[in-house]
Structure formats: structure tokens, C-alpha cells
């Protein structure tokens, strides 16, 4: 199993999962539009559009991260292969909590639980990356230089901190799901600008 | 992050978004067909077929344009990566305004707003390309020769004119959405023949 | 625009279109199953399963054909690019007439028109290949040797005969749609064995 | 038809089929949630989540197996091409019996038949691999060394035993579908650890 093949398969899964997000955007039923017409019908659906934007950013960022990891890897063994499938399982699952959350906000019911499930899915993806770095740190022969010598401690720490923040959002979801939604958006923006800043250095 | 990888991912997203358009074509409910039968049931759905055709052409043309841009690029930095994700977000979103527009025409209600949203999505894609050229003009080290020396002013101007036309279709949508639909089709045809003509030179 | 890129994009579209066929298979509503239970519920859906099988074979064969064409092509110009998009449009559209046909057979209504639309879509794909060979015959510099010298007349003739058969199925659909369904299956089997036989030579 | 192309197409189909599994997870209707709220609504759906997990593992494992086969193959002929399409047909079909099974468990009706159909689909995939090895054993010129000399008897035997187990699950489905679901999960885990163990050797 070559590294190129695993990356191509993963890219395919990322591309499909990110594209399927659009299926969560339901066209309002034109027969049942009230006096506000389509404009009102779309306004009511704002959580679906917000969730689309956030999840698109999340999957996009995970995809960028995924490549950052694989750029350090020289050889893929079976364990990495299955860790990768585990991570992809969370990515593939992503459209479901996205839909759940947007429906909950639209119905103004159980927003806490729905947002917590979304946060837990994000956390699972974070843990997936942590496991990657943990395993790679113990099997440095799979890495490229210079990480083969130095180890992945700094990368693991950084990924670990991200996971701590994601775990915290699970709790925040039960306190204030609206604040949690804003934190999701802020995290996405943070990662985008963090990456751009890294690029400029 | 190699250029080949970004192109492969983008190709995947384009291929999926263009294929998902078919999900907007609903099979008429055979239990509720009137005396006109299936022929009548399909005739009523004409906006869905027209929208399928136009959106297929639009995504196809955007895909061709995307490759034209990337053929000029030598190196991809993080900013280009996220500009690309922004452009792909508009592509992924495309099936939604397509469905919205076809439902509006079928229900003969709010066609203006639905067509304007479709035009705004097209405009966003146009602006995405403008941002690409603007950024590349200021970071010419990312380009291949001869654009590295000459700059991308002529390409930017051309893309910019296209964007002006797209912005105008947003206004036209509110005046006459049927005329706007015809303009979309004409624009698609124009680009197809423009490209073929370029190819013959 | 390199040939490899166009092939990769086309492969993506084929892979997605062939996979989306499964979305036409609706799970029977368990709340409304009669005394025959699930077995009866599935038996009633036989047209959907037959259509799934035939369309899977059709798209699979078109994919094999597509590669046979591209194996002869050395350079891709803009016209070939748009002929290819035209062919892909028919491939992407395929799940719709598949669903239409299976619903018509299940409802026992308008089977003739639905089958004719399916046959017309197949015919369009056949014409797409004819246009490919016609264009390539007039632009032999785009071909590999030995076709560059000999031309594509024999391949065009063969593709043309296939198209004649497909046109005939449009007529047959209006006479006897059940016979037409059998002919679709027989055509698919013929191509499978024809290719295998070619491979053994 | 190059081997790389067939692998890329197959990878695309695997990536899409595994991602479409998420479409089987329906968001509970918030307007009809009982006093238990969303938590209860999700609890009732447990078969859908279990089926998602098992089918994700099954398609993931089949993908890993697919590459193990193709790593041994040097040249692809038309027969292998169509054997591959046959195998992919079973993979593409997979989301349907997954949905069928989860709906049956949720409705507590006809679980036996639904589980047996799921087991039969898995068996078909197993037979697909058996046919691959059988054909390759008789056409060793298509293989890489050392299998070209030694033949594929040991690999065929191993794949054959797996098929026997899958056939047995069809029978088990009619006896106790819940036990069958557990066996599916156990088989998936077995393959995951079997592969990891192989990797460590």
C-alpha cells in the first residue's frame, strides 16, 4: 500500500464529504411559504447556512492538516492505514451532526445536545490526529528527516492543545449552544489565519 | 502541499458538485399524475431541466478556468490554498441555488429573488477568480514565466469584465428573471465558443 | 490542459454517477408493509433492481469505451474538451432516466415514454462517441500512430452501428417497453463478452 | 487500459460508497419528538448508527483487500476489468442493504430477511475476490513474481475460507439476526487486527 494511494483515497473522501454538505440545505417548500415569501423562508433557515459554512471550513482545515501530517510520513504501515480510516470515519460522519445541529437550531429544541454531538465529532477528529502523532513518535522510522531524529513532541503538544479546546466546546454546548456556535466559527477563522501567517514566515 | 494534490482535490470537488446536480431532478409522483400523464408531468418540470443544463455548463466552464489559472501557477502557498477553498465553497454551494431557482420557476413564485441568489453565487465564483489574479499579480514568484515578468494585468482585466457582467445579472434578476435565465445560457454558450475559438488560434 | 487531468476528472464523474445509482433504490416503508412483509415489498420493487443492474453495466461499459477512445488520443484541444463535457453531461444525467423508468414500471404507467427517454439518453451517449471519432478523423494530428495515418473510419463505423441500434430502441420502447428492457440487458451483455473476446485475441 | 487507471477509478468508487453511508443517517423529525426529546429520538435510531459503523469497516477492509490484490497484479486484461466492475457493483450496492437492515431493526420487523440480504451482499464481495484469485491462478502471466511461479493457491484458500464464513452468516441471519450483527462487527474487528498483526511481522 503506497502512501500516494492512501492520500488519493483520503482526498476523495474529503472531497465527497465536503460536497455532500450542500444536501443539508433544503429548498423551502414553495407551496407553504407564508406572507414573507421566499426571503422569510430563507431567513428561518439561517442555522443551516451557518452550519454549512462552519462545516465546510472544518473539513477544509482537517484536509489541510491531513496533508501536513502525511508530508512528514515516509512509509505507511497497516496501523497508520487503520488510524487513517478511523479519522476518515469521523470526516464522513460530519454531515450528520451538521444537519442535526442546524435542524435543532431551526426547531429551537435540544440545541444543547445537538451542538454537543457536533463538538464531540470535532473532538474525535482532533483525537484522531493526536493518535497519529503519538504512534508516529514511537515509530520514527516511518517519518522523514528531521522529525525522525527530533520526534514529534512539539507537533503532538500543539495538536493536543487543540483537542483540549474541542473537549471544552462539548461542555460549552450544554451551557450556551449559541456561544458554542460562535466559538466554532472563531476556531475555524483562527486556523485559517494561523495557517496563512505560517505561510508568510 | 504540492500543486498536484490541490488540483486533484479540486477536480474531485468539481466532479462531485457537477454530478450532484442530477439529484435536483425529481421523478414526478406517478400516483398523482393528471390526465396528461408523464409527458405533462415532465413538461411542468422544464425549469429543473433548464437549470440542470445551465449549472452543468457553469461548473464545467469554471473547471476549465480553474485549470487555466493553475497552469500559470508554479508554487502554491497557504493563501492560495484558502482562496481555492473559498472558490470551491461557491462551487459546492451551486446545486442549492440551482434547486432554489428551478423550484421558484416551477411554483411561479419569488423567481426574482431565487434568480438573484443564483446570479450572486455565480458572481462570487467570478470574484474568487479575480482575487486569485490579484494575489498572483502581487506574488509573481508563485507564477511560471512569462507571467512572472509581465504580470497578470490582462488576465485580471478579462476576469474583472466577466465579474461586472455577473454583477449586472443580479440586477437583471429583479427586473426580469426569465431574461436573466436566457442571459445565463448565453453566457455559458459564449464561454464555450470563446474557448473553442482560442483553441483554434 | 493535459490529457491526464481530463481523464482523472472524467473518471471521477463516472465513479460518482455509477455510485449515485444506489440512491434510486428506496428502502420499503416498514410501517406500510402488507401481509407479505419485506419479501413482498422488495418483489414489487423489481424494476428498480433491474434498472440498477442495467445502468451500472451501461455506465461501466461507457467508462471502458471512454478509455479506449482516450488511449488513441495524444493531445486534447478545447473542442475535444467540450465534446467530453457533453458526453459527461449524458453520463451525469443517467441516474434520472434510470429512476424514471423504474418508477414507471413499478406504477405500471407510462412505461413507454419513460423507457424511450432512457433509450434516448443512451443514444445521446452513443452520438457523443460518434462525434469524438468524427472530429478526431478530421484532426488526426491529435491521434497516436497508427490511427494518425489510417484514420478512424473503422472505429467510427463500429460506433455508428451501435448508435443505430440505440436509436432503434427508442422506437421499440413505444412498441413494447418490456422487450426494450430485455434488449438493454442483452446489449450490455453483448458488450461485456465482446470486450472479453477482444481481450483474448 | 492501464492498471493505475483502474485503481484510481476503483478508489473513487470506494471513496464515494463509503461516504454515501452517511445519507442513511436520518435526522429525527424535531416536530414529532416525544417527551424524551432528541436523546430518545437518537436512541431509537441505534441500528442505523451500528450499521453505519459496520458498513464503514466492511468497505474500508474491502478497499484494503482490493489493494492487496492489485499489488500482486502486473497487467490488467478485459476479464479482470469486468471482474473488477462486478466487485464494484457489490460495493456500490452496499449502502442499500445497510439502510434496509437498519430500518428493519428500527421497525422490529423482518430483521431476518434484511440481515440475510446484507450477509448475501458481503458474500458476493467475498466471491468476487475468490473469482479474482481463481482467474489469476490460471493466468499467471498477469501476476508479479513470486506469485507468477508459486501460484495463488494459499491466497485463494484464505479468501475461500472467508467466503465460507460469510455464507454461514446468511444462515445465521435467519436464526438470530442480532447474533448475526455481532458476528459482522467481530469479523470487521478480526480483519482489522489481522492486518495490523500482519504488518508487524
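All chains are identified by letter, namely A, B, C and D, in their written order; residue positions are counted from 1 within each chain.
Rule of thumb we're sticking to: contacts are C-beta pairs under 8 Å (C-beta built on N, C-alpha and C of every residue); 3 or more make two chains touch, one makes a residue touch a chain.
The shown structure was predicted, so the numbers you read here are calculated from the model rather than taken from an experiment.
Most remote chain with respect to subunit B, judged by CA-atom centres, is D.
Counting the residue numbers used at the interface between subunit C and subunit D, under half appear in both copies, so the two copies meet with largely different residues.
Relative orientation of subunit B with respect to subunit C corresponds to a rotation of 90°, obtained by superposing CA atoms and rounded to a multiple of 5. With centres defined as mean CA coordinates, subunit D is found 26 Å away from subunit C. Centre-to-centre spacing of subunit A and subunit C amounts to 37 Å, using the average Cα coordinate of each chain. Those residues of subunit C in touch with two or more other chains are numbered 8, 12, 15-16, 20, 23.
Looking at the complex, you find that subunit A touches subunit D at residues 1, 5, 8-9, 12-13, 15-17, 20, 23, 77-79, 81-82, 85, 88-89, 92-96, 99-100, 103-104, 106-107, 109-110, 113-114.
The part of subunit A that touches subunit B in the complex is made up of residues 7-8, 11-12, 14-16, 18-23, 25, 27, 30-31, 33, 37-39, 52-53, 56, 60, 63-64, 67-68, 71, 192, 195-196, 198-199.
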